[in-house]
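Here the structure comes first, spelled out in structure tokens, and everything after it is commentary.
So that you can tell them apart, the chains are marked A, B, C, D and E in the order they are listed, and the count of residues begins at 1 in each.
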């Protein structure tokens, strides 16, 4: 225990460096996946078969490939095509695209959960598709979508650790670096687990709050 | 392209070996996570505050810790306490426990989606809690729970790749081995991605089918 | 001894005092209709009687047994006092017959064959002999409600509580359900019926309670209360319901 | 020229032929009630008129413009023909006033202040001057339906379609909504009303259509059709609805 | 003119080659000292970036780093992707077993039938798998993981870079594990400094400096500092 504390004090500053990048990658890919996910979801419910088909194919392909493989492509294979991104950029884009599939399914479920009568009421006052979405459907879907959105955030936070495979020195990679240098695997992994838990807990509480607030009716 | 094909023919048999373990780990942890998830969910809706509290704390803790860290604990730290598991056992238990949190949330949502009137109808014909669950709630929740269950299966399939970190020689590890000895990273990762996609596609189709079948009313 | 006794029952939801002292009793074979405006506590008092809700003070007894939803005895009460809901609440994953035999087979542990024979008889009696194998979504609202009544009867109850059994029905389907209820009344079933069908209350009920704000504002023989209400609130309510325009 | 013209309209859902040739017309200022059993196509025909559903053959015209739900002209039709639904369909995330001004501000692009002034007037007119800032879940069913009527009126429509506007209401709340509808009729609004309130139809409607199996089985002046139906099916239907027991 | 700074990719495979000094939070070790000295001599500054071993070559060929300075063997397949400097240091695999196992293994044959472990990405994986002597060759991410499992008895023996194992056991970590002294390595290789194939100018400079540093004893000094002999 003594040793654990001593080691922790030594390791924590290094891990905290990684934590900064973990947060950056998570936040960045959260924004990107939300925007893209919304786009796919709107394409899916647009009623235009071509758009719906494209979105569906994209989402399904993305869902079937492990994130680690997607990151690898974006970071190591895209430069062959002349697109060279920094590791953090690639991580944000890779995780963002990967998670846009989950976001899209979440948004679509939220949109489809809104009573048909709402669309009809909007139509009878002359609203078109865009106006109906913007003024009637999305504001209501928002509340339905929020609790699962919180869960996606927790998952992203943890999956940002996969960015370590493309050299982003985030929490997990820093942990591995320390572990292989000091051989103190147990201490390091315990610290890493605790740090992830500390970041998750506010999110979990937030989700719980959102569920109580919006989930039930 | 020629080279890609030649390499593929060389690499595929090795990768297919890994695929066997990927399927074993996925199937095993699917069974375990389903059983545990159902247990947590039933504890959550039992109406007994102590049980609900235990289940909630457990689920939230599990959700906050990356799978990779949980696997590390179960495989490398538990032996210190005298519990030594094989790598495949540890992978199944680790993934099973980690995913039981998601399963539990899914089951709980399904149970809570059933109209209160169903519980009341069951009560008025004298059914107790257990009988109501078994005969009335769970059979109906089943249909609601199926489509997200399919999604969890897809996620587990992909996350089984994390078992590579505790020496399970599944698809992703075989891929790493070939890549680090031949340096044909692009070829190897493309093959790995395709294999995961091939395993996912039947699942994705199944989910689509289930959604059409049960999702709407 | 009356079959159902309520003595000064009170019940609040949070700060909302929904039942504020209700005392009445229902004798064996009696048909009591409860009328009153929305939110007056009609459903709540019915739900208290078979323990779907707890109550805060006072007492409710069924054949002398106190109704206490947390006691073991509640199962005995519930198997003897059935309930029919406004929204039917049939089990959607089971056929009409399966809905009907669910209680006898799994709660009362009757042999399945006996329960089925009895169930068929009951479905026939509510006019649905040809719908034995239909699932609820294949039935009209009126048919669903008649299955629900058969399900209640299958428990061989001593009393049945009805909570607005025809309010969710298309107007032209109301008659079939009311006809079944009338025939039950004619055969001497003890019934407590929350309803807005004033015509039914007038013809079938022995006694009518007018609930308002959680208390019995007026109570009396059906013919008398519905034709010559003494309480001005009863009068106003009846006027609104009978002549909406 | 009649305001709304239907000429031999047909409509199927898959193999289910729901509307099988309906021809009728509604003149300016006329109040037409549609009655008929469940599933006879009453809602469907109403929904075809303002393009919520397409139809398979025949023609529907509003002031001479063909109603075609895929054409651009549908917006013009919809802003002139409002609809009131059985389940109100208010926007739950907006207050009563916001519900009312949503169309004028965002579709007709009226200045917000004007729309608000008009909206307040309309809410006052349906008896809800004090509920301007209330959200739908804070209102009773009857109040919600009156907001829905105000929302329809805010579009300054030339006609309003009502689909069973009182069927989802508690019986004692029906009167308020019917009173508002009657006042609209008195002021000369063109209205098509699907309803089971035979009393309302008798007093307010100029003409009644009895729909059965997707065709107009009988049609005539309200007093005549409702008192002395010639078609036996009309007679049977009216008997069931008026005397359920 | 401002001195040019080159990005050096390294991976903390372990003390003494390259590792993260948790006290100073910097990458240290033989390869770091060496590339720094070479830079001083050849006239460029170095900025060391840590990454996983498997990401090194990809990062070099995609221009994200300019030099690999890690415990990376010069091998044929690698030489098809990148160029290496002259060998810096030569070593092979070490064999370690539980302290309770006092047998003196000399070659793979002596281990026949045992379950063994090896680190992913190392050159030792293939010969072990190909030998056909072992019922299972378990693949680990890190050396300490292998040592843990030797300790726990899940595997009977582990293979890893000899200098790293030696250094760590010498430091008193994993007291229940011992290095088998008499074991003869199955693979012996040399580590070198890696550069892009298109960067022959840089390679020339590095080789020239490396030769000079070997000559004047700097290389030997660095090796001794980290407990290695030439």
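Going forward, contacts are C-beta pairs under 8 Å (C-beta built on N, C-alpha and C of every residue); 3 or more make two chains touch, one makes a residue touch a chain.
Note that the coordinates shown come from a computational prediction; the quantities given were computed from them, not determined experimentally.
Undergrad: Among all the other chains, which ones are in touch with both chain B and chain D?
TA: Both chain B and chain D are touched by A, C, going by the contact rule given at the top.
Undergrad: Hey, what chains does chain D share as contacts with chain E?
TA: For chain D paired with chain E, the chains in contact with each are A, in label order.
Undergrad: Between 0 and 180 degrees, and as a multiple of 5, what angle does the rotation take that fits chain C onto chain D by Cα atoms?
TA: About 180 degrees of rotation relates the two copies.
Undergrad: What chain is the most remote from chain C, judged by the mean position of CA atoms in each chain?
TA: Looking at centroid distances, E is the chain farthest away.
Undergrad: Which whole number of Å gives the spacing of the CA centres of chain A and chain E?
TA: A distance of 36 Å separates the two centres.
Undergrad: Return the distance between the CA-based centres of chain C and chain E, expressed in whole Å.
TA: That pair's centroid distance is 82 Å.
Undergrad: Using mean C-alpha positions as chain centres, tell me how far chain A is from chain D in Å, no decimals.
TA: Inter-chain centre distance comes to 46 Å.
Undergrad: Spell out, as numbers or ranges, the residues of chain E touching 2 or more other chains.
TA: Each of 54, 58, 141, 145, 148 in chain E touches at least two other chains.
Undergrad: If I count partner chains per residue in chain B, which residues reach a count of at least 2?
TA: 76, 185
Undergrad: Two or more other chains in contact with one residue: find those residues in chain D.
TA: In chain D, no residue touches at least two other chains, as defined above.
Undergrad: Strictly by the criterion at the top, what is the full list of touching chain pairs?
TA: Pairwise, the chains that meet the contact rule are A-B, A-D, A-E, B-C, B-E, C-D.
Undergrad: What residues of chain C sit close enough to touch chain B in their complex?
TA: Residue list for chain C touching chain B: 50-52, 75, 78-79, 81-83, 85, 87, 89-93, 102-103, 106-108, 151-152, 155.
Undergrad: Can you name the residues of chain B that touch chain A in the complex?
TA: Answer in residue numbers: 60-61, 63-70, 72-73, 76-77, 105, 151, 154, 158, 161, 172, 185-186, 189, 192-193, 196-197, 199-201, 204.
Undergrad: What part of chain B is in contact with chain E in the complex they form?
TA: Chain B reaches chain E through residues 76, 79, 84, 86-87, 164-165, 167, 169, 173, 176-177, 179-183, 185.
Undergrad: Quick check: in the complex, which residue numbers of chain E touch chain A?
TA: Chain E reaches chain A through residues 12-15, 19-23, 25, 49-52, 54-55, 58-59, 62-64, 141-145, 147-148, 168, 173-174.
Undergrad: Inside the complex, what are the residues of chain C that reach chain D?
TA: 37-38, 140, 166, 170-175, 178-179, 182, 196-197, 199-200, 203-204, 237, 240-241, 243-245
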